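Order of writing sets the labels: A, B and C. Residues in every chain begin at 1.
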Amino acid sequence: MLRNRLIDGVRRIKPILCGGQSLRSLSNGATSKLTTIEVDDRSGIATLSMNLPPVNTLTMELMHDLIDSINQIESNKSRGLILTSSNDKVFSAGLDLKEMLNPEVERLRLFWTRFQDLWLALHLCGLPTAAAINGHSPAAGCVLATACEYRVMLPNLFIGIHATRFSFVISKWMMNSYQSVLPRRIVERALNQGKLFATQEALDVGLVDEIACSKDEALSKCAAFIATFDKTNPVARCLTKRMCREPDVRELLQDRAADLKECVDYVTTPLFQEGLCAHLEGLKKRK
Amino acid sequence: MLRNRLIDGVRRIKPILCGGQSLRSLSNGATSKLTTIEVDDRSGIATLSMNLPPVNTLTMELMHDLIDSINQIESNKSRGLILTSSNDKVFSAGLDLKEMLNPEVERLRLFWTRFQDLWLALHLCGLPTAAAINGHSPAAGCVLATACEYRVMLPNLFIGIHATRFSFVISKWMMNSYQSVLPRRIVERALNQGKLFATQEALDVGLVDEIACSKDEALSKCAAFIATFDKTNPVARCLTKRMCREPDVRELLQDRAADLKECVDYVTTPLFQEGLCAHLEGLKKRK
Amino acid sequence: MLRNRLIDGVRRIKPILCGGQSLRSLSNGATSKLTTIEVDDRSGIATLSMNLPPVNTLTMELMHDLIDSINQIESNKSRGLILTSSNDKVFSAGLDLKEMLNPEVERLRLFWTRFQDLWLALHLCGLPTAAAINGHSPAAGCVLATACEYRVMLPNLFIGIHATRFSFVISKWMMNSYQSVLPRRIVERALNQGKLFATQEALDVGLVDEIACSKDEALSKCAAFIATFDKTNPVARCLTKRMCREPDVRELLQDRAADLKECVDYVTTPLFQEGLCAHLEGLKKRK
């Protein structure tokens, strides 16, 4: 039988990934509540669960706790990291769009920097990473999944970056994340259409690697993927992974301010504000 | 029943895409005769037909009219653009090779600039674009097709960039256009071989997306593709498309003169002139 | 019946590809013994065989003779080049790892420069190239195979870059060589895992193009591939191939010293030396 233990490590934020003051101030010794980490004593694999009801919206706080947890797991030298959700209906509903509606610019800058930090932390994580996608995974939920090295998904769900449906234009690094997994032709079309792939479609194009019938099976398949690295040297593996992913992050790392400015400039246009408003109205009506 | 109407809009050439004086002087209020535009009133989709017998050779004039028509359709805010041919045997036979035989350099420069303009106009067109390939589509005919976002082709035709068979070396941006659709390995091999894909082969590798039994069916399938964007914001869609395609055009936009010089330098070599001569002799004999 | 003839051409090393003094001094008119070249008089295709028992380890000398032979074949204007092994169990076992164990730095620099030279000579070879992979092809053996334009492999063999299993971190240009053949997602995963693909798996992902039942059949299939270029102009073909491959080699050609320094710096770390030591011990035990 497996014995799990909760890591109580000290919060550690990599300076290079830290977007600014607010990240540090939020981490004043507080205990993370929006994510949980379970480490399997036998396998050494850490399972990181998003735990913000109802739909794991990526709020400022959930992103903070995710970054923090990724760094904890990395510094504890776990054998691998599995990202999943406590919620069996939604993996993550994506970014907190309310932060983009009539935003105060300074707050928006912090919010977007946080999202950059989160993607960088996961995309460049030195450990083997896998996503057990046990619920819908639209927009930034999909971006998180593609930042992992392997994806296992449950049936009858959807996944994809549907930004154009709510008037949003994603950043290049989000496109790079998609393109690290899917062929160029599929990426352009899916982004333009704002396509959400059903589980089977996602498998067919390669957006997910396997389908599992239950969350437990998804976790097992992710663990089996992480075990494929057993014969490799962890440092050589980590350096090789970063060499492969360096072209995806180069532009962002060289000029994070430019990406931030582009985002703020676009989000504050009337075009986007109107489009977002209409989208949020539509979501309300569906409830 | 569908009602079609002919656009009689004013010619509008985007300054950034304009290659020089000659383009403007050619458009002195003349009516385009080598292309026709039909807009479906119900769907709002514009069908742009190449109409230069016998084989839609991309002459200076046809390219002018195509650029002009693309710009008209874009400025009329049509819902999408379908590129096709009035000719049921040939979509387009490619560039007018006679312009490359013992060329006068200034004329060659205008000719190649026109082709750059045409590709940029179609590749960066803000509207959803699709090609109904109702005839053979070799060389620059294939480049036009790959500049669209979707391709539907009739059976028993061929498509591909067979430049190495007539001693030509294509520009990088033409390679980029191919590579935006096909995997890297397929692109290199096909370009080196000067491969012409039969319809079914083209479908198998992803060079075309669907096969249709008739031109009408091809047009319907293109219209269905354009309808997949109905739930998206048109501006966000356009910006997303351009973000995806920006790496393809970057080098050309940054230094159009360099591409032009490379082309002129190569076309005027004895090697190419002899190769082209032999090729044109071969074509004559086949008739 | 085919008549073969042995080329006795003068050694010719392209200056641009020459890594330094040692390459020239080694070629003081000596006859190559570690490689053989057979040219089929009828087809004009040259077969280049690696012939260093027991496993075609890429030693300083074998790499020298390979570069030399590639240059000979190119300057003799053969119709194509087929790379194979005299040894029916191993195509090439990869780099001579003993050169990396407690290396003398100057020697290591020469060794790595030689390997850069070899890859450049094969990757940019103006002739059509194909690999008849008649034995296992791990690590640098796989890199040589991917530098060719076509790969035919015998059953029940393995091929792949398994560097992370012996603590090595490959150079970017080796990754580029892999990525010129395989999709991005497959490349990253395979490199991180140090994956060796069985013949059938290699076919499934596209790492090899065909399976042959015997070495003769493999050679025939390679010759058939080379024949697909018969209708092309050889100069236009060569320039087109180099345009396609230019992005793969750009960084290396612009700064070969940087790649050399990275390699020397990493190879001389205790981490790598310990990993390599353990790997070599493991290989001894298996014998």
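Here is the rule we go by: contacts are C-beta pairs under 8 Å (C-beta built on N, C-alpha and C of every residue); 3 or more make two chains touch, one makes a residue touch a chain.
As the structure is a prediction and not an experimental result, all values here were calculated from the model.
Because contacts link each chain to all the remaining chains, their graph is best described as complete. Judged by shared residue numbers over all numbers used at their interface, chain A and chain B contact each other through mostly different positions, with under half in common. Chain A and chain B, compared by their mean Cα positions, are separated by 39 Å.
Under the contact definition stated at the top, the residues of chain A that touch 2 or more other chains are 183. Across the interface of their complex, chain C is touched by residues 128, 149-150, 179-183, 206, 228-229, 231-233, 235-237, 239-241, 243-245 of chain A.
Touching chain B in their complex are the following residues of chain A: 163-170, 172, 175, 183-185, 187-189, 191-194, 271-272, 275.
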